[in-house]
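Down below is the structure, laid out as structure tokens.
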């Protein structure tokens, strides 16, 4: 069947390579974007010295961090202290593995049977993403515990509690989408969103699941520890939270992981709610561009929110998560289930 | 055919109930009341569309059903919750939703003096009632019907005791509930009996099964079953012997009396018999009893109504008596006529109650007609609507009551029950008289009430400071009154009898509902249908002398009505002392009537007291304290003693426990491997 | 072939990790090692064509329950306390008890081995009888779960509720309401 | 393909380890962890049997076990916290009195 035995693995390998680097670049760009946007929002220019419009700033930052000395506080747990940031980053990268970002393509006839844009397509892909992201918390928690410092410990505690609490709403929101699509493969979910209602409204689940999308977005922000939910590293309260004691590369890895997680979140959101690479009047083979556009829009909103919304109080966070967000998501799920039942029967 | 719409009809009011019951406290009156009325109107609209669809179908195929879900299924017995719209339930639907909506609207004005939470509570109850009533009439099987049956009983209880701070109201509610329980008990037994006989509880199934077998001669099992059902009906529809709760039910807000205790709930019994017409037709013995009881009730209530002084109680007794007439009709097999009267009665009795409500409203809670009079010029709208209602009720020619009552009496006569006819005629004479009395005492003559009366306070709606003379009904109330008055005039014209050149459209429309399901055995069905059609007074079924006879009877009854009214006018307008003289000269009878034949006292002495005594002495002192408590304490003692021994095993060391667990596992595993 | 390799690696990992879990003195490490063992088990589930269970394993066990453990360990990082006087003189520390324990353990292991010999068709491959597609399909899983096991499902939901309330009641200080 | 027995052996070993942990460890948290190991051992054999029989029931029972495990962990840890509050200790042998 497969007349090009070698080409295929090569392409897959290439795919992995592309995704990996894309994520790294993305995190760099996000650092820049974050600082620029913040600048504009605060009537400043933001970075502008390094490179044109300060575009090289992130790389400068990386270099700076690379040359810093690696500190490890006395009494810190040697293994875990080193393991934690790695764990965080690995989880972040791995999570993206099952996120498709483009329609099937033959690369303009290069392949004899179409290949899927995306590293892996698992039939329980949604769950895989979810599982891996839920591993990400360990990085932070361990960082908090291992660095043997009370601020870090608090950061870790908060991270663990916060993440468990919001994973629930997060999962329940996703479950509603799975119900609608009737599949757990991200790709199939996306394909279920092709086509239009009344000829012009794209069949994106955000229109069927406005509440679900809201819940997903909020829970996602909490999962990635971004403002207004950035408790593990609440500067004003705990010096720098879980990564207080970190320096140099180890320190660099945490923001890296955070940004990659943001990207993953946005990508998953795009796939589950915004119709992935489907976009009105955009041909399939350019779908990945549409995908990119959507993702970057969500990312912008992320940053925007960070510099606009003040941080909650911790108890408010917990109360909100358990007393409002979770019930809302459960109701959303129930209603969706009822609807699906009603319209399919 | 089937339609998904049906479920909406009860669900809409239920939704209203849910909203008002949950967040009603926080809603302003306009919202809660408006919502309640709105859902009723919506459900009326749905009902109307469904009836329209129904009318579109072929006469003997007029049946719309919707199966919601499978309620129970055990062995080969299955019971679905199925809603069913057929001509009969169609009429009931329109009455309930239509008049219900009007009364909701009326209530928004009538209850306006309640605080928001109370107001919302009232409307939540009212909506709940509507929902249950609709379930009752829509249910296609006895259990579903029974659900509605119980539900309306509950709501009736809640609404009678709405002003529960007032002891009399609370007691009245309890009384209504308990008395109804007795009936419901019988009803349940009847259901069991029918299930035992036919193995199904679907009323159509039962009808089909019954139609297949011959009419029961003598008083057999079937008759017992139907009789039990009828006892249930007497409870709900306030017939002898279970009618005593209805007059007391007047403690509730007047719109409630209008909706529940005049228009809808109390007619449930009549409806139930109509719904199971085929079944009842097969048990002539029971029908005989039904007719007699109905006639007796009609007469008794009428006589009592003659002397009551509470405006609402008079209406209550007249309701009882009219219900009696309906049962009389049912008893003589004139199901169509009975339902016809039910339907017209709903209009004018609701109109009358609302009118009385307007009076009470205007007089700030005054209910005693001896303290009224001369209200004609203060309350024109109320007055005229009230008069129209009374005339219709009295059977004044060419008003709604005339056609239905005449139809009913004629059927009784033509069916060869002359005595029953005479009783019915007498009852309607009484009706004419006491309605006349009511009107004249209330609205004519000189004014006998002191303006803003203090009685109001007790009644839950004492107005604030008002002008000297009473004010007429506010728009919302006036609207309901007028519409209902028009109804009381026009409602009868759907069933103009052959004698007057009509062809009794309603009778024809209803006929299929009283015939066994067409699906089974065309021959039987046809025969039964013909019979039922006869009963329902189909035009074709009448030959010439029938028409002649009907004409004469019509003359008689209208004569009776007018005569009665004239007598009333003569006594209570011209020579009021006559009434007093009569009361004096027939003092014992008068006292007897005034005390409602001492029935309440009788029941109290024969039933209530003994039961209380038994439950206090035997059940409480004996069983409860002795056996139950003893058992509980005994068990406690035993446990205490034994645990004293077992305590030794409890070292409290977790690992010791785990160890014993472990040993157990090892042993069990060994045992299983060994054998 | 790769599958068997995968199996041996994963199961070896699982066993080793579990052994280390109970070999640890530091609960923190125990928890982490347990997560490793769970991950290995999830891998085994995938080998067994049960991807959904595998993911559930990761999400529920590794993702939630273990975080909870971690949370508690961090919350009260308790001192090591064997070697305390009362502990060494604890009745359960008497050699007799220990011997009985060892004996029981031996018996149990023997019995487990014995039980294995009794399993019919012991050496037929796991996947021989049915194709993985059916067993692996989440759809099928859901169907069975919500029809045949509906009651058990409801029961567990109730259990969870009770557990939730109990946990709240237990963990809150006497002071706060 | 792996024979069923291998899975069962692995599950048996895990179960034994768990049991040993319950008895040997003197830290309540570790004991709870050992219990989790035992549960998982059972899960493994369930799934293996299910795969063997070609039904999904094994997996479903696994779900139930997971839920029970979750509940058990929640309550157990809550207990641990409560105990630690009162006794400043996690050694099961420290809690031999049933009430105080």
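When the chains are written out, they are named A, B, C and D in that same order, and each has its own residue count from 1.
Note that in this section a contact is a pair of C-beta atoms (placed from the backbone, for glycine too) under 8 Å apart; a residue touches a chain by one contact, two chains touch by 3 or more.
Not measured: the values here are computed from a predicted model.
Participant: Taking all protein C-alpha atoms shown, work out their mean, then name the chain whose own C-alpha mean is nearest to it.
Facilitator: Central chain: B.
Participant: Which chain pair is joined by more contacting C-beta pairs, B-D or A-C?
Facilitator: When B-D is set beside A-C, the one with more contacts is A-C.
Participant: What is the distance in Å between the mean C-alpha positions of chain A and chain C?
Facilitator: Computed from C-alpha means, the inter-chain centre distance equals 30 Å.
Participant: Nearest whole angstrom, what separates the Cα centre of chain A from the Cα centre of chain B?
Facilitator: That pair's centroid distance is 64 Å.
Participant: Can you list the residues of chain D that touch 2 or more other chains?
Facilitator: Residues 19, 23, 93 of chain D touch two or more partner chains.
Participant: Which chain C residues sit where two or more other chains touch them?
Facilitator: Answer for chain C, listing residues that touch two or more other chains: 52, 56, 64, 68, 75, 92, 101, 108, 112.
Participant: What chain-chain pairs meet the touch criterion?
Facilitator: Going through each pair of chains, those in contact are A-C, B-C, B-D, C-D.
Participant: Given the complex with chain A, which residues does chain C contribute to the contact?
Facilitator: 28, 32, 35, 51-52, 55-56, 58-59, 62-64, 67-68, 70-71, 74-75, 136, 138
Participant: Which of the residues in chain D end up touching chain B in this complex?
Facilitator: Interface residues on the chain D side: 19, 22-23, 92-93, 95-98.
Participant: Residue numbers of chain B touching chain C in their complex, please.
Facilitator: 653, 655-656, 659, 662-663, 665-666, 669-670, 673
Participant: Show which residues of chain B lie in contact with chain D when the two form their complex.
Facilitator: So the residues of chain B touching chain D come out as 650-655, 658-659, 662.
Participant: Flag every residue of chain C that touches chain D in the complex, lowest number first.
Facilitator: Residues in contact with chain D: 3-4, 7, 11, 14-15, 18-19, 21-22, 24, 27, 30-31, 34, 37-38, 41, 44-45, 47-50, 52-53, 56-57, 60-61, 64-65, 68-69, 72-73, 75-76, 78, 81-82, 84, 86-87, 90, 92, 101, 105, 108-109, 112-113, 116, 119, 121-132, 134-135, 140-141, 144-145, 148-149, 152, 156, 159-160, 162-164, 166-171, 173.
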